[in-house]
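Note that chain A is present in both complexes that follow, paired respectively with chain B and with chain C.
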Partner chain A sequence: MHEVALAMGMTILRAPDQSTKDPLPAIVSSYEISPDFTQYTLTIREGLKWSNGVPVTTEDVRMTFELYGDERIYPSFPIKARTLGRADGTPGTVTIIDDLTFTVTFDAPYGQFLAELSSWIPDYTLLFRPAHFIKQFHADYTDMAKIQPILDALEIRTWEDLVILKDMRHWELYREHGVGVPSLTPWIAEEVTSSVVRAVRNPYYWKVDIAGNQLPYIDRVEAEVSNQLQSIILKTAAGEYDVVTSFAQIREMPLYRENAERSNIRTVLHGSINNPPILFLNHDYDYETEGSVWQQLVSDPRFGSAIASAIDKEDVNNTLYFGHYTLDGFTKETFDPEASNRLLDEIGMTKRDAEGFRSDPNGGRFELTITTAEVSPDFLGLGELLKSYFENVGIRTTLDVIGNSLFGQRMNGNELMATIHWSDEPIWAPGISEDYWPGFKGHWAPMSEMYFNTNGESGRKPPPYLQEFFDLHVARKVVPPQSEAGEALYADLVDWFSQHYVTIWPVGRMTVPTVYNADLGNVIKDGYPFDRALDYGMEQLFFKTPQ
Partner chain B sequence: MNRKTPHSFFSGITSSYLRWKESRAKKIQESLYYASQRKLVWHAFKKHKLACISLVVLAILYFVSIFADFFAPFGPLERFKDFNDAPPTGIHLINTDGKLSRPCIYETKRELNTDTFKYEYSEDSSKSHTIRFFVKTEPYKLLGFIPMRHKLFGLENRQVPLLLFGSDRLGRDVFSRILYAGRISLFIGFGGVTVAFILGSILGGISGYYGGVVDEAIQRVIEVLISVPDIPIWIALSAALPRDWGTINIYLAITLILSIRGWTGLARVVRGRIISLREEEFALAAKAAGASDRRIIFKHLLPAFSSYLIVHITLAIPGIILGETALSFLGLGIRPPAVSWGTLLQEAQDVNVLANFPWMLLPALFVVGAILMFNFVGDGLRDAADPYASSR
Partner chain C sequence: MRAFIVRRLILIIPLLFLISVISFATILLPPGSYVETYVQNLERTGFIMDQGQIEAIYRQYGLDQPAALQYVLWMSNFLLKGEMGRSFMYQRPVKDVILERLPMSATIAIVSLAVTWLIAIPIGIYSALRQYSVGDYVATIIGFVGLALPNFLLALALGYWVFSSTGRAITGLFSIEYKGAPWSIGKFADLLGNIWLPIVVIASAGTASLIRILRATLLDEKNKQYVTTARAKGLPERRLIMKYPVRVAINPLISTIGWTLPFIVSGEIIVSQTLGLETLGPVLLAAALGEDMFLVGSIVMILSSLTVVGTLLSDILLAWLDPRIRFERIGA
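After this line comes the complex of A and B, so read on.
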């Protein structure tokens, strides 16, 4: 099931598309950052109103921080509003200057916060929650006698639980309990069932076009909620949806193009914020075993390089993606089985068994197990291709396809040697996504990550080469990600990735289709770098003929 | 008169043929008076044309699967990199001059039409490759131990794709994969049925012969097992299989899972029969003569309805084949890159396949075919084994 994302992207600041470089004010009218990146002073756009017409003021920001710090409601202060975005960072504080101006202060430089203010992941709800709305359910502001009937009606035990239910992040607005919650989005939820989300225009939406017309152009939006991939594809080809984006895949292109006239649909091909599946080598796997062969191999960059050189990138691209993906990525190796064999010989994997597979450097049986959950149809195809490439250079490889929840469990248990999964590499540089993090979608050092997160209380003390990653990661948080210093640090991080082979890249960036009703205007064009521009900015869409 | 001569000549032949046929039928009839039960059943079975044909087809299917190394032109994982999702290769019997020639294929080039995103194929008739029988290939080992250098058919240049049933997403020959997949799909039926047969006849035999508490216990276990629908119990059990097991282990485990309910029906029938037969004179006589219980059950009682057991088994095999296919189709049975008909169909579980690559659905024909054949054979056997059938 995919999130209903018809109105994310109401960020506090806004840089073009998926960038966070020198952002302009969005729902604020101006902002100022202290040179040491500890103080962020923002002024709310004058006249900005919640979707029920109540003005947005600094009281909303104050209330948000009050809720963050209230242990009765939130067990811990959100990470992104703490210094350096770390679990152990000091919580940021807010100072109210007047009705519209406020300052958020951190006790140490936190340049990444600029990216958070410009990113659709935390979005506006990072700093703005509708105080007037939440206060109705909060016992410190409203008499319990008034709250009790609401609790009874909803069969909720305590007012704290009620506040938790009503105080929501932007991604919850289109869930059942999001109906009636004031928001700053172009459409507001009107009806939400398990299969459909119906939303109507926000009458107080603040954006206007050049001619001064209030956005959005489209009055009503309906989103279908479904986990039936094949039926979504069929309905898309039949023209039953006006927009399908961040979802369709290039493999379905023949189907969409074939039905273009009959179903009155058009397709554009463009970039994506996601990356095609990559191979993660778990550098923490088996670390507790004395003299672990895997640890010996994986900490030797020659092994990673051998794996990377065994992959025929062009073949992957042609077989799975019509040759439309790029061939770059963080591992620079090109397809060179000879180099791969030479490296494997060099690291001592010289002995071969009766089937022609290499032994480990100590002469024991070696098997590379790649695990994947079939999140997307290309995962399995890629897995089978990788198996054939690795076996081609003598590495016995097993491909294990398991269910999504089991995958998560095994990942958390550090039981997976190598995994295939997506990443959001295209938005790593602007600091919007951090799923290069060692314990994320696929994982490459989950126990070292645990050590980092718990300040050494549990997990594995990272070996020096992994520690370098954590140092770089922390250093990146100090400055804005796309400042000069930030970009230099990111380049170092990319270098670190290519030198240590925690991720192996079968192909580079992906090309995906957006399918839309031919009658729609203001749709992104062919070759546009990212897909999210459309689904997080749909207020610009309009029908060329009145509906 | 002249005209009559050939007539009388032919009528002479006809009548002598009829006489011969009559005497042969009589001889067969006489031989049946003292034929064994097996012979009687075989005689009746041969009359069931559909069952006989099915038996032959099944035999061919099994034979071809066992020796898939020889019959399949390519290995199950062998890829043609530039021919993924390719349609079946056209085979030509008439050459460019319009004359009949040995079957050949033309070299095909393909290009991606970047507008429609479909591959366009163009045959180059100047480059033809004749399909040869017993074509020489890389040395391989048939069944893992017989060194061979030939395949049943193929092209001399093995780099040229000869894709009888087209290719799959990774450019592997669907025809070859179906043959290899038959090894798992067809034999899982035998494996499952064997386990079911052993369990069913032993437990059913014990239950029927001894009665009492043992009978009660076994019958209740059976009731519990049959109260759960097939597919959920299979799914639950196969989801519990350790994921790090190899293909062989998974295969054996799936066989066991599929037979876990298969034995219950048989056990009930065996029990019923044994209850009625154990009071018969021949059983009592054996008992009086001091035969052990085991001997009475397995030497006297079970053989008394062995024909029924055979029929039951034949009809149980398709259920197990379908079970495996269903499990693999759901991604819970045999897992890629191992191939079974179920995994092949799982790969075809895609709107794109239906719309653009329908040849990837061909494994379904083999599943349906094999199931039908087993049912026909089972039907034939049932009629043949029924001593009261009027057709005899």
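After this line comes the complex of A and C, so read on.
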């Protein structure tokens, strides 16, 4: 099932594109940050209302922090509202000044919080949950005699579980239990079934156009819920959807162009929030084995450089992406099989077997196993290409394609040597995404990450070169990511990635199509990354011919 | 006969209990849980969930309890209150998810079964009676092609053919404006414009195999001595064939009628998935992949119960239809 994202992105602050540099107030009317980045004072936009007409006040913020700190409901305080966004950071505290003004305080500098306030990933729900709505289900505020019938009807065991269900993050607003939940989005869910989401305009939405007309222009939005990519593509080509972004697929461009007139659709190619699949080398794999060959190889940057040099980036780009992707990324190597062979010889992988494959530096059999799941149609094609490039320089390679769920389990269990997955880091304005994190989309050091997250209670004590990464990561959170100091720290982090080959980039930035109804006006055609810009900003769209 | 039915009904109870335990255990076998899959899917789209929130969801879904307790709670609610638990994926009671999709699953299954029988029985009889005729060869070729061609491939090819020749994409059973809308003439017309494709696809493979089964059985029967005797006694040919060998030849159809009941609930998962049909099959598949265990468990329980009941119905029908089976029982 695909995620339905209808013009969310109601961030607390807002900067152009997806950046966080000098953000302007959005759902707040003003904000002030203390020079040491420990105090954030925000004033809610006067007259701002939830979608049911109830005013948004500091009581909503107070309630949010109360829920965060209530162990009956959430066993731990959210990371992004803790100092430095760390699991061991002290929880932030909120001070209510009046109905509209409040201060969030941290016990140490936390400049990254500015990015969190400006990013659609945590969104407004980071600080604002509708208190009046949640209190109806909360036993401290409402008599259990009133709550019990709701529990019975929904087949839910306790009031705490009911609060968790109703206290939702923005990505849940267009699921069935999001119907009736007050929000700050342009459209609110009216009906959600297993096959369709219907949303209607939020009558209290606060944005207006330059002429003072309230947005959004479109009254109703319907989104089909489908788990069948081929169906989505055919219906897109038939013009049955007004806007298709993330799932349009560049390889289907000929189909869309061929049917443009008949189906009254238009296409535009643009950058994407996602990056193409990249190769993750797991630097924690097999770390518990004494004298592990993999550990010996992967901790030697020459091995990573040899892998990167073996990849024919242009071939990948032309074969899978019609040459539309860029060739940059964290790894700077260009296609150079000679250099790759030379590096592999240097690290001792000189002996070859009868099939021409290299042995490991100790003379034993060596096999690189790349595992992937069919998250996107191009993962498999890329895997086959990588296998051919690596075998070209004598590295025996196996491509293992497994189910999505099993992939996640094995990745979490540190059972995968190398994986193919998306990662988003370089497309964002410097450092506002943390997709580079070692245990996020593809895993490159999951046990070291565990050690970091548990303050050394479990996992692997990172070797010095991996510890450098964690130090850089922590250091950059002290200041805002797009401040001068923040950008310099992020550059250091990128250097670290280039030198240690935890991620290998077969191609760089993606180009993807958006297909839209030719009758639709105000379609964003510039800006980057475009597909999310549209998903998260559709309130300006209108039909040139009245529907 | 009555004692036989009562005995079979009593046997169903421990059988269903066993099925429920095995199906629940099977659902728990894969490593991880729905919550882990959900969190991974969110991460793929850029969202990060806090550990506290993840733990809260574990507790909310009861996944923090031992598996045996989860089973007991699920089964006792199932038996005592008719509740099947909540679907994690849809955040709704399981029975609502099932009831939303069941009518269309049943409609497609029943109509395609009827189409299969209406086409296959006459052709099968014709093929057997006119063995090695041109018509028989044509039916045989069509039958083999139908058997050899995977349903999902036929669905994809037909879907694309319809799109390229008409500009209309037939995927799903309803256009988006009619999804979830109350029934109207427009909605019914929209359904008719879409439903024929899955029915053609699903019926094609069933028809092909049924023609082959019927032809083979009828060929065996029509040369038996009782047929020759009846013919020698001057019974008209049409009445002879239809009353005796055909009646025996359709036994395989009757004995497999028991499988029709589970088929009505979640038949042709792959075709439904390929064509994006709003039936229960894709829900079962997605739930199994997403480890939505109460949803999977409930559907599997319903399917198992229907298979057991359906098999009993088949046996009763066979005994009623075929005197030899009845006499065998009396003799025993």
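As a convention for this text, the second predicted complex is superposed on the first by the 536 of 547 C-alpha atoms of A that agree within 3 Å, B and C clash if a C-alpha of one lies under 4 Å from a C-alpha of the other, contacts with A are read in each partner's own complex, and residues count from 1 in each chain.
By definition in this document, contacts are C-beta pairs under 8 Å (C-beta built on N, C-alpha and C of every residue); 3 or more make two chains touch, one makes a residue touch a chain.
Note that this is a predicted model, so its numbers are computed, not measured.
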| item | value |
| --- | --- |
| Superposed partners chain B and chain C on chain A - clash or fit | fit |
| Chain B versus chain C as contact partner of A:Pro254, first or second or both or neither | first |
| Chain B versus chain C as contact partner of A:Leu234, first or second or both or neither | both |
| Contacts of A:Ile73 with chain B and chain C, given as first, second, both or neither | second |
| Chain B versus chain C as contact partner of A:Ile188, first or second or both or neither | neither |
| Which superposed partner A:Ile402 touches (first chain B, second chain C, both, neither) | first |
| C-alpha centroid angle, chain C to chain B via chain A, nearest 10° | 40 |
| First (chain B), second (chain C), both or neither touched by A:Leu368 | neither |
| Greater residue coverage of chain A in the superposed arrangement, chain B or chain C | C |
| Chain B versus chain C as contact partner of A:Met10, first or second or both or neither | neither |
| Touching partner for A:Ile164 - first (chain B), second (chain C), both, neither | second |
| Which of chain B and chain C A:Arg198 touches, first, second, both or neither | second |
| Overlay on chain A, chain C to chain B nearest C-alpha distance, Å | 6 |
| Doubly contacted chain A residues - partners chain C and chain B | 230, 234, 237, 403, 406 |
| In the complex, chain A residues that touch chain C | 1, 3, 5, 68, 73-80, 87, 121-122, 154-157, 160-161, 164-165, 169, 171, 175-177, 191, 193-196, 198, 222, 224, 226-228, 230-231, 234-235, 237-238, 240, 259, 262-263, 273, 375, 403-406, 408-409, 412-413, 422, 424, 433-435, 440-441, 532 |
| Residues of chain C touching chain A in the complex | 30-32, 36-37, 40-53, 55-57, 59-60, 62, 77, 83, 85-86, 89-93, 97, 100-101, 156, 159-160, 163, 167-169, 171-172, 175-177, 179-180, 273-276, 278, 282-283, 286, 289-291 |
| Contact set on chain A toward chain B in their complex | 230, 233-234, 237, 250-255, 257-258, 315, 318-320, 322-323, 369, 371, 374, 377, 380-381, 384-385, 387-388, 398-403, 406 |
| Interface residues, chain B side, partner chain A - complex | 77, 79, 81-82, 84, 112, 115-118, 169-171, 239, 243-244, 246, 331, 335-337, 349-352, 355-356 |
